[in-house]
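This is the structure I have questions about; it appears just below.
Each chain gets a letter, A, B, C, D, E and F, in the order it is written, and its residues are counted from 1.
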Amino acid sequence: MTAVFSVTVRDHMMIAHSFSGEVFGPAQRLHGATYVVDATFKRVDLDADGIVVDIGQAAEALHAVLAELTYRNLDEEAAFEGMNTSTEALARVVADRLAEKVHAGELGEGARELDALAVTLHESHIAWASYERFL
Amino acid sequence: MTAVFSVTVRDHMMIAHSFSGEVFGPAQRLHGATYVVDATFKRVDLDADGIVVDIGQAAEALHAVLAELTYRNLDEEAAFEGMNTSTEALARVVADRLAEKVHAGELGEGARELDALAVTLHESHIAWASYERFL
Amino acid sequence: MTAVFSVTVRDHMMIAHSFSGEVFGPAQRLHGATYVVDATFKRVDLDADGIVVDIGQAAEALHAVLAELTYRNLDEEAAFEGMNTSTEALARVVADRLAEKVHAGELGEGARELDALAVTLHESHIAWASYERFL
Amino acid sequence: MTAVFSVTVRDHMMIAHSFSGEVFGPAQRLHGATYVVDATFKRVDLDADGIVVDIGQAAEALHAVLAELTYRNLDEEAAFEGMNTSTEALARVVADRLAEKVHAGELGEGARELDALAVTLHESHIAWASYERFL
Amino acid sequence: MTAVFSVTVRDHMMIAHSFSGEVFGPAQRLHGATYVVDATFKRVDLDADGIVVDIGQAAEALHAVLAELTYRNLDEEAAFEGMNTSTEALARVVADRLAEKVHAGELGEGARELDALAVTLHESHIAWASYERFL
Amino acid sequence: MTAVFSVTVRDHMMIAHSFSGEVFGPAQRLHGATYVVDATFKRVDLDADGIVVDIGQAAEALHAVLAELTYRNLDEEAAFEGMNTSTEALARVVADRLAEKVHAGELGEGARELDALAVTLHESHIAWASYERFL
């Protein structure tokens, strides 16, 4: 691979949760976070329209993934039972759910040519976490 | 007043809460937020050291106020019983608690000359709220 | 007035335009801009729900105002005939159109108690302009 | 005054300095800062071209003021002898020097109608200071 | 390669354009954008002066590339005939033109040792695109 | 490697220094900088607690590294004798000192599984530099 294109869209979610494990200190209490979420779509070549992915469809797909998480207490979601919903773990959840939508054709037929996907969750102005995977 | 100086310090808190009232829609569910908090201290003249307030003491005072709120479920805090902890309402809480510290001399004797105080809480990259008051 | 609350929501628009007048130099040519738009709503007291304005309705109102401007060549819009659509002039247009929506009750009945409105248009990372008015 | 327009331009400077006074702790040692500087020009009405001030002339004026300060050790500048070059004190220096340029006509004849000027110096991602004055 | 250094400089351009293809929806109309442009220069080792590239020369090279694009209607530029000037496609144009300048020695002799180049164009606070290539 | 997680923490330092070499122009004079510093920790798998590294320990480690540099004139530090403390060179210094702390177990036993480390120093709103290395 000699070069790579990417497109990123940003959205956010606001959730409650708590952590299990001494290492988390006061974050073991029920608290919450706004996650400003950046989803980056990567590919080696542009499609016939000259784009990586339709930015409108990318934004809708990200919004749909976040809509299933936002305004919720993640401690009560079956999908997260027995796991810590750390920022980095949630980055993977969002990335994997976006990957499913890519594979299902929800970002357009051309998006099936995407090579990789990265998701960054900003939890504050001084901390963020990412997960990057191939598609 | 022909001119005014100000100094701002930034910190953050991460809380859970829910809202009462139909207008809040899905935010009536238990969820959470990271608030990136800016506290601005204003005065007409600089003090003998050439400053508005010692930036170190200002940052410590803000951190102390936020330490009483962060990593908590605000729905269970006695101080907020019967009120919606909206972003704008919390901006006032932080500002009023900072004002008490100013009046108690915790930001230094010179800080008693401060004229006004503004607090902004950023709840996401697309929404924030402020409260400004005299001291 | 001893204190004031505010709530701000952010959105954006992407337009083409050109300017008339030697002072504008190369900006006399047809070019374009992304305006990241912040709309700030101000009032002295919170309403019965403990808010300045419903943030959802505020965001929808701003989006509706920007939807009439975005993805257009402002040089061909009748509303702007004979005027330069400078960043500061557009800030006023957005603010005045938002004010009409406030007065028409589109931001909720409580929003009629709003005292002032400020709109900031960011045209780049190094330049922005604002317009603030009473309601 | 029922409404006000403003235009802001951003630039930066990189200086060395030290402070006198116990309150400054380790900042009494020679150290340095990047100041990201925002200069805001305000007026009640737009000029005949539909602007607050020519953004190009405003940016040049700010750059000229900062060029006299940047890449210097402020402890050795005669202009600052006997004073602490705190962020808030430097905000006033920049604002007053910009005001001189406005009055000298360097921002254009129309800029003589400017009503006020505010300067903000960002010293880090968690601290900044401002000075606002009439013209 | 066990490690890599990089230096990034930021500038911007303001252009008008339109897109061809149903996928673009309302962006098929003539509109515009501010692109805040980050150019990142990468290399495995620092040069004899202890730098990746002279930041002043890098900023000048980026400014020169953007000067050929800014304040223009890209629909009328011969260089872009028959292509969509999407954010990702423009990122490649800027990167390739910077690469030519690197190879022509315009960023200094040492810059010929650069290994890769990445260009990011931010089209709004919620969307950006990148292109990265070897040199 | 099919995927990678990362966590980033942000802090800052404020230093004075000067550069040797004609290429640096006015930056050969004693001046200074605020560096906003991002430290990114990367690994292929999460640990038993579901995290990359404890964010509290990561922030403390970064703060400890920066505490040895901030509020100093780097020209007088023995560690930097004979080298230019360029932004990119300092990024390496911070990264290497953090790597030592990782290897010494100061970020927790689990952090010994970290695969790579990247450090970015922002010197202004328009320039930054990075260094990335394996652990």
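Here, contacts are C-beta pairs under 8 Å (C-beta built on N, C-alpha and C of every residue); 3 or more make two chains touch, one makes a residue touch a chain.
Source: prediction; values computed, not measured.
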Chain pair among A-B, D-F or A-E whose interface repeats that of B-C, sharing over half of the contact pairs by residue number:
A-E
Is it true that over half of the residue numbers where chain A touches chain B are used by both copies, so same, or is it different?
same
Between chain B and chain D, what is the gap in Å from one C-alpha centre to the other?
26
With chain centres defined as C-alpha means, what is the inter-centre distance between chain D and chain E in Å?
31
Could you give the separation in Å between the centres of chain A and chain D, each centre being the mean of its C-alpha atoms?
40
For chain E, give me the residues that contact two or more of the other chains.
10, 125-126
Mind pulling up the chain E residues that touch chain F in the complex?
2-11, 46, 49-52, 54-56, 59, 108
Help me check something: in the complex, which residues belonging to chain E touch chain C?
10, 12, 14-17, 26-27, 29-36, 70-73, 123-126
If we count contacts the way the header does, which residues on chain B are in touch with chain C in the complex?
21, 23-25, 83-89, 91-92, 125-134
